[in-house]
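Note that the chains are named A, B, C and D in the order they appear, and that numbering of residues resets to 1 at the start of each chain.
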Amino acid sequence: MSILVDKNTRLIVQGITGNEGLFHTTQMVAYGTNVIGGVTPGKGGEWVLEKLPVFDSVKTAKDATDANATIIFVPARFAADAMFEAADAGIPLIICITEGVAVQDMMRVRNYLDQKKVRLIGPNCPGLLTPGEAKVGIIPGDIAIPGNVGVVSRSGTLTYEVLYAMKNLGMGASTCVGIGGDPVNGTNFTDVLEMFEHDPKTEKVILIGEIGGNEEEKAAEYISSKMTKPVAAFIAGQTAPPGKRMGHAGAIIEGGAGTAVDKIKALEAAGVKVAKHPEEIPALLM
Amino acid sequence: MSILVDKNTRLIVQGITGNEGLFHTTQMVAYGTNVIGGVTPGKGGEWVLEKLPVFDSVKTAKDATDANATIIFVPARFAADAMFEAADAGIPLIICITEGVAVQDMMRVRNYLDQKKVRLIGPNCPGLLTPGEAKVGIIPGDIAIPGNVGVVSRSGTLTYEVLYAMKNLGMGASTCVGIGGDPVNGTNFTDVLEMFEHDPKTEKVILIGEIGGNEEEKAAEYISSKMTKPVAAFIAGQTAPPGKRMGHAGAIIEGGAGTAVDKIKALEAAGVKVAKHPEEIPALLM
Amino acid sequence: MKLHEYQSKTIFSKYGIPIPKGRVAATAQEAKQIAEELGGRVVIKAQVLVGGRGKAGGVKLAKDSAEAEQLATQILGMDIKGLPVRKVLVDEASAIDQEIYFAITNDRAAKKPVMIASAAGGVDIEEVAATSPEKIVKVHIDPLLGLREYQARDVAVAIDLPRAYWKDFVKIAMSLWQVYSGTDAILAEINPLVITKEKKLIALDGKMMIDDNALFRQLDLVEMRDTDEDAPSEIEARKYGLSFIKLDGNIGCMVNGAGLAMTSMDVIKLFGGEPANFLDVGGGAGAEKVAAGMRIILTDNNVKAVLFNIFGGITRCDEVARGILAAMNEVKPKVPMVVRLVGTNADEGRRLLENANMITAETLADAAKKSVAAAKKGK
Amino acid sequence: MKLHEYQSKTIFSKYGIPIPKGRVAATAQEAKQIAEELGGRVVIKAQVLVGGRGKAGGVKLAKDSAEAEQLATQILGMDIKGLPVRKVLVDEASAIDQEIYFAITNDRAAKKPVMIASAAGGVDIEEVAATSPEKIVKVHIDPLLGLREYQARDVAVAIDLPRAYWKDFVKIAMSLWQVYSGTDAILAEINPLVITKEKKLIALDGKMMIDDNALFRQLDLVEMRDTDEDAPSEIEARKYGLSFIKLDGNIGCMVNGAGLAMTSMDVIKLFGGEPANFLDVGGGAGAEKVAAGMRIILTDNNVKAVLFNIFGGITRCDEVARGILAAMNEVKPKVPMVVRLVGTNADEGRRLLENANMITAETLADAAKKSVAAAKKGK
């Protein structure tokens, strides 16, 4: 077992004929992910990699392939539509890799998807990797090996560092979930921690956070009240200069400044071991 | 028992200081309905009938009175807002008497309320009457007596005819529900039939329909497949000239012409006795 | 409220939907001038708020401005289904490759707007729906989210629209959604939406219906109402907020509530009479409205008796009685009047009418029978 | 993207929110002229994209146009928190009865827009939130439904706004919602919204921030961007779609991914170094972007070493390597370069750089240590 994706995932790719879509479809197929087709409006009937049918819409793709997951590689200005389309077509798991989606679009998407009980990962995320079973995203497949550590991260390439450091120590991952760094996204730390807590294959968890927002603090709350599995963490941005603030209103809304220090304090209070640099994390769980 | 409203209903009135709102609040209070206050923006702090506090918003009214039902008497152009406001304030039962609400407003209201699991009766309806317990609407209280017949109707004054004819024969009602005649509304025949089917106090049911739409046909389907209690019906508009049609598209969407003949046929096929004129209905259940 | 083709297409154009070049004309002379300006062949189209004008000969092709004048003269002299043609639309003629049906309307059962499309456009779409329902595509629109482009693309796919037209079709669909939601339309219909020989998508014909309940926020559209085609009595009724439809019988009816008004007609017919009208005075009808209703009923010379059936709820019977008295004072009716008052303030109402020389009734059946009898006597 | 007060207020006014009469001036002479046109007392306000200008002396009251000119001269010569004042807003002075805080912004935790208001406006609202949170009212807005009037009324009730102002306040709130949603704002703030002695509600000050990711559909706003206040290197970086922030250290960094870029800075510091910048080349960075990034880093004379830390995913290491080679050919850097390539096409990338005389590293810690050492040597 694992969470969200595995050998039984039947994946379609929205934007499959675009540069990024095609490149990563190739990588996912090479990894052994069960990619069963893709969508590019206007290119229905074409084929990709000689064996993957292209459809004009998610609906026709779903009807023809019975896909149960979709990954989105379309340009930012079309990403909201792609998510609405996937949700309306009844795809229960949507992974949106696209970065730069407008935040008001994302608020509409999130509020709409919540009505439909659809799971969205991302946007602006590296996607999912269940080593040895399915790579649904852009995490390089060869940097992780199967194992019992669940990884969840707001960052992209920083996650790769951690997976790579794990592999170098012979430590494997059950599933790695990149939730993305956007202010409004589909899935948060707490959602994923809950899945890991209930996943028999996952025995330990690594959480990779960064400055801004208060999702790490919420995760700490969940960990201290609900989690039985050990968690190690790293928070990026400990030395970052104060970022561009959202003005006064942002601070009022978010309650705190979202600094690394606050987050580390909250996590440590919840019994989480927090690493000084990312390559140090795996050792904290050994 | 009864459905939707009874002695325990704690009712507020939106538009309580308006002409209609005030008149019918007086009537409802005189009937013994547990009216506990009202809302008119800008008139918070005033009193109506010397004992009913007026609030500026549904939220403040709900906070102060813990109302569990609201009745709306505001002008049509403000009705959608009044329904949204009631739903957002967490009132679980909304009765909208107002007629003439724009249909696109009602589609937005209905789709929003469905997310909130709020029960809306109306708009453009006479409301609810549980004889002897609560009058929540404009049905004259003295034309009905308590009993075991559930009444549900799309029409206003036609319902009064039927209640009055019942009373003249000594037949009482458990609850009378006026669902309203608008194309898009909150509660349909089938919803109410289901409530009556499960209400121990209701032993028989009267359904009063009219031409247009296909709710009577859906009700017939429910009656034939799920209902154990006897149902009698009347359909208004048997001799009406073909109404103003919504153009071709309307007929395509609605599937049929919504004629009285079709509706009567469907109901009779479901075992419902259909009256020739409204005063004849009670006799069909005796 | 229905809009004429030329009005609908003006709105379409304002929202970015391509329409043929053309203008409306009230005289053959104007039509000729428009045809001259357009050059080439033109189509002369009768502007009446009723379907089937093509079959009735209300749409003709003219090869030049002289023929345009001649055909406009002809069409402006026509009656279509009882409606005189007062205006014609003179449009540049299009060379047509394919005709598509495309509309956005309300689906009352689904509580949502819906797009309807068919590759079999132009002809009677209702017939297509009846005989080949598989040729009709329906896609619902979330009223809170609005139409999304992929939904329009889904429609294009489903009606087998050639790929080259998808982009334009999506644009037209998004515009039609703006038309529908921006004007509080009940129906925004393009039939046919054509692919021309020049490979363009054009809305060749358009039909719109606006929600009367939303006119308070559509003041521009109110001015478009064409009252020429309504009976004067219906115009007068609308002025007082009464819902009135003239019929062919001889028993005038004034009832509160649409359902009860229809039922009163049903019961009159059940007992052998013929209603002269449908008249719903509405909820909370005051004396002024009632008086106006009575004047409207009595201007119909066919009326041999009048039935008042008022079941007070929001409407108060005493108010109605005052209205009846006021109207009787003014109109001095010569026909017998049957009155039935029940419900809110009915006692007070009956007391007010005691000396007014009216036939009273207890039940609806009784009232119907008495008015049928009175009308027969009055003949 | 931040907007100046005068820009924000122009937008407010376009959407129907009342603002004081006034105009922006770039010279004291212009300021004088505007003050003459306005007559009476005016306020001269420094236009800088930073808070606290009032305390810094950037806002002054002038009793006439002569004083306006004098004060404008003074303010236009100022630096506020390191930013030179290039423009002043000259506004008619208002007589103030009450100051209210009112804003619409995003609540990322709730995934919804939110209205924030307080009767304690004008002053530092962040301080109010910290010391008297009960004085701050928050009402969430459904992003699919939009703001409804009763929600604005709820806010008016909650901040004890006198009843006489409710109508105007609701209008302003509905307009501010239109501002927020129509401009893809992250923040649309009126602080203070004042009640004047003349019993009017006016937006005395305004602040807006626009979502950079939405600028593709806000082309009018793009033109409002004030690049005067950005470092030239940041402007150059933006041109290439790079996320760049100049810092005070001496180790230049080029990293892909914001999280990893921050982490690389963290680790440099952990091992005793000081980063010269934050630079995220982004996902899928091609050779051209990498070359631009390198040029931008090397224009900073403080830079004594450069660390490239690229973990290939969407970004391909071979592309990055090509970018580095291209830039080296062009810029001929004199400082040592530490390169770490891992992930997608890393082997190919390393092969390309084999002959380029660069220090290579395996781990991030290793790379950080080597660049810290190299920078020390370079001093």
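We adopt the following convention: a contact is a pair of C-beta atoms (placed from the backbone, for glycine too) under 8 Å apart; a residue touches a chain by one contact, two chains touch by 3 or more.
Keep in mind it's a predicted model, so treat the numbers as computed, not measured.
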Practice item. Go ahead and note the Å separation of the Cα centroids belonging to chain A and chain C. Key: 54
Point to revise | Between chain A and chain D, centroid-to-centroid distance (C-alpha), Å | key: 27
Check your understanding: Centre to centre, by mean C-alpha position, how many angstrom separate chain A and chain B?
Key -> 48
Revision key, fill the gap. For chain C, residue numbers touching 2 or more other chains are 142, 144-145
Study note, to complete from the structure: Going by residue number, chain A touches two or more other chains at 108, 112
Check your understanding: Viewed as a graph of touching chains, is the assembly arranged as a line, ring, star, complete set, or other?
Key -> other
Review point. Okay, what are all the chain pairs that touch?
Key: A-C, A-D, B-C, B-D, C-D
**Study point:** Parts of chain C lying in touch with chain A, wherever the complex brings them together
**Key:** 142, 145, 148-151, 153-154, 157, 163, 166
Point to revise | Interfacial residue positions of chain D with respect to chain A in the complex | key: 51, 103, 105-109, 111-114, 116, 124-126, 129, 136, 138, 142-144, 181, 184, 186-187, 189, 191, 207, 209, 211, 213-214, 216-217, 245, 247, 255-260, 262-263, 265-267, 269-270, 275, 278, 282-284, 311-315, 342-344, 363-365
Practice item. Give every residue of chain D touching chain C within the complex, in rising order. Key: 144-145
Review point. Hey, which residues of chain A end up touching chain D in the complex?
Key: 19-20, 24, 27, 76-77, 97, 99-108, 110-112, 126, 138-140, 143, 153-161, 164-165, 181, 183-184, 208, 210-211, 213-215, 234, 236-241, 246-254, 276-279
Review point. Tell me, which parts of chain B touch chain D in their complex?
Key: 41-42, 44, 56-60, 81-82, 84-85, 88, 108, 112
